[in-house]
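Lettered A, B and C in written order, each chain numbered from 1.
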């Protein structure tokens, strides 16, 4: 059980509002880790701090044993953490394949000179990128849409595409922000399979979700945030019983109910 | 070389003209997020139309006194510019309200160009003499500072208009609607505000101010020219950004500050640069200030207020 | 692999030959035009080629990377004045063109980096204004740096600039082929310029269909998402900016050699806007489109000049609209109408890596 990511004492304030208060959590390699909590608890803020969109007022992040640069999104991706967005941010006017190929940017080497001169290396790399991108499309199951403009894909397929694009950056940790939002039961089940496949293939997954059934069934461990503080971090079964968690979601009643939603 | 005090006075005069123009920019930017490139050229149209009007009046109504002639010319040009501002918004900008950001900007550049071209066609390329109906003879110096009646008029008129605008925006229904639209179009229209009308009104008011600024400018310097709007327009935009775009107080403050910096700076630039630069570099002050503000404090001195483009 | 090839039919092929056909037409075009319309038109075509290079360069900045630069002509000025400084009687330097042209390009690229570093993170419209200011500052300096030390010779500019001498071959002199045929230097310049244009097209196409081009398209489409997949947006933007500047610098050097003199009035804001209009009109982001746009908007004013003046004389007995005015009128109307009616331009950029006219200017952080 190797620790992949350790967050220590993360604090984030926006003017007078404290979005995250001394949040510490540990994600182990190879697990599916869920981050849940009522709306406004600070889950997406934590994501944004993790991926460098925000700089925290205090705290640090240790990834793979080294300190993660704060506030520099491209360095975070370089280190091996990739994310998707709650409201899907694809390159809408590019095709599905092009989106995933763009994801390969950071792991490829060709510089402007070799591109201008069309060296053997550049050509070979371009071919590899195209193949790998197509493989990733197959991996998430949308290879038949390779040449389709991504804004024309269905909602569920767009989500998969975004995941494929994130995987193209060869991450060790994949952070998914509400991947099941807006999905019906079938799509959610397919998503669950995809996440399990991803985990099986060696990528650790961090997941924000509101769909409790999905979370309970999929995650190895959960952290619960409420008003910017972590109030629980444990396996799903324990978290479900925790009074603090129930109180946070339901506002003070200690009636545990499986499947209680935010 | 003139005293610091003299330069301060000059700077305030120029600055108040910049402030008037800046108000037009800042209102439009606050409500639409658009840099109305053509705004400076509305100023130019205002000056040239006033010129024509005054010429005609001097021929057909010579018994009218100096100041009434000026005021009549001014009124006509204000009306023309208001119509012009409305037309520009209606034909060129309204269709592009939901287009990606740069489309209206590029169109605005095109409109600016077009206005200059048409002015060139009508009035030719030459510099025209603008009748200086308010005297430019300096009055008795106070504390060693000379000021001319035209400068006093500029200060007085600008101050009055600025106060009037602030009252309009803060105390009237129209003003409230403008502020609401500036904050959030969709919500404002849900609250019953006819956003199209409000936006049109913003352009119309801004154009009126530009016309006045144009006439003041020409009265002060005695010339009018088809390309006269470009530099003042650009500088006024700088002033608006300096003060905080979308922020009326900011536009006024920015205008005054820019005017002061230009005036005082032009006086000392030769000393400061060891004789390398001289006052013909004056125009770059505005650009340099713009660059510095945008790089180090993009929200400006008083903070920006731009529409929430939900 | 089969299924990949089936899924993506265009795979492995470069951008289609549209740009190439245009180039072929151009190569054949010059002699044809000279025969039909006279040599002045070849001279116009020469200038058109320079504008094509500028359009290609600005297209990189605006069309590919989505950065609105309103002071682009400053890079042209840098290239031109560098050539003027290093190959004219002004400083008594007469360096060969293969030294001067790259130097001009390098200085232009440097100017691009200097301008870009502090400003590329500004949002679209602010960047536009700041670059406009930069263009004006360069022009004002060119116009005024003639005392206390005379660097640029002020408004008079620098003349008697050395012509292009390619490996001993002075192309400002007519070329004698055998006893019968003399090729006017205008043609020689034309083909040299055409060669540069072809080279530019090839280089830019290579960039477009590469990870760099994809990165630019990504930044243009959604900068936040581009950052989220690890693209170093600042460096990519700087790259686009300075590469675009380089094209401007090269074109500037060629311009100086061709025209023989440079003065600040060739580098006004109007010229920056003219080039912008060309790419907006022709089709932003699309190489063939911007080439056509540049040709059209360089040639059309000249056509009007030759047609409209006598026409007006005949109809009105005097010239109401002189050619300069006609050019401005044409450009401004072209800009406005294209933006209102057909923002994609004459030849829209089909979705190779997105349609830039749809996304140009989207702010970071929607």
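The definition used in the following text is that a residue touches a chain if its C-beta (ideal position, glycine included) is under 8 Å from a C-beta of that chain, and two chains touch if they have at least 3 such contacts.
Small disclaimer: the values here were computed from a predicted structure and weren't measured.
Student: If you apply the touch rule, which chains end up adjacent to both subunit B and subunit C?
Tutor: Both-contact set = empty.
Student: Measuring centre to centre with C-alpha atoms, which chain is farthest from subunit A?
Tutor: Taking each chain's C-alpha mean as its centre, the farthest from subunit A is B.
Student: How far is the middle of subunit B from the middle of subunit C, if each middle is the mean of its Cα atoms, in Å?
Tutor: 33
Student: Once you find the CA centre of subunit A and the CA centre of subunit C, what distance in Å lies between them?
Tutor: 43
Student: Distance between subunit A and subunit B based on Cα centroids, please, to the nearest Å.
Tutor: 50
Student: Considering subunit C alone, which of its residues make contact with at least two other chains?
Tutor: In subunit C, 358-359 touch at least two other chains.
Student: Which subunit B residues sit where two or more other chains touch them?
Tutor: Expected reply: no residues.
Student: Quick check on the complex: what are the subunit C residues that touch subunit A?
Tutor: Residues 1, 3-4, 7-9, 11, 203, 206-207, 209-212, 214-215, 217-218, 221-222, 224-233, 239, 243, 351, 353-355, 358-359.
Student: Help me check something: in the complex, which residues belonging to subunit C touch subunit B?
Tutor: It is residues 68, 70, 118-119, 122-126, 128-130, 132-134, 136-137, 140-141, 143-144, 147-148, 269-270, 273, 276-277, 280, 320-321, 325, 328-329, 331-336, 339-340, 343, 357-363 of subunit C that touch subunit B.
Student: Going by the contact rule at the top, pick out the subunit B residues touching subunit C in the complex.
Tutor: The contact residues of subunit B facing subunit C are 33-35, 92, 95-96, 99-107, 109-114, 116-117, 120-121, 230, 234, 237, 241, 275-278, 280-281, 283-284, 286-288, 290-291, 294-295, 298.
Student: Subunit C touches which residues of subunit A in the complex?
Tutor: It comes out as residues 51, 53, 73-74, 77-78, 82-83, 85, 89-95, 97-98, 101-106, 108, 110, 112, 115-116, 118, 122, 125-126, 129-131, 134, 143-144, 146-147, 149, 165-166, 168-169.
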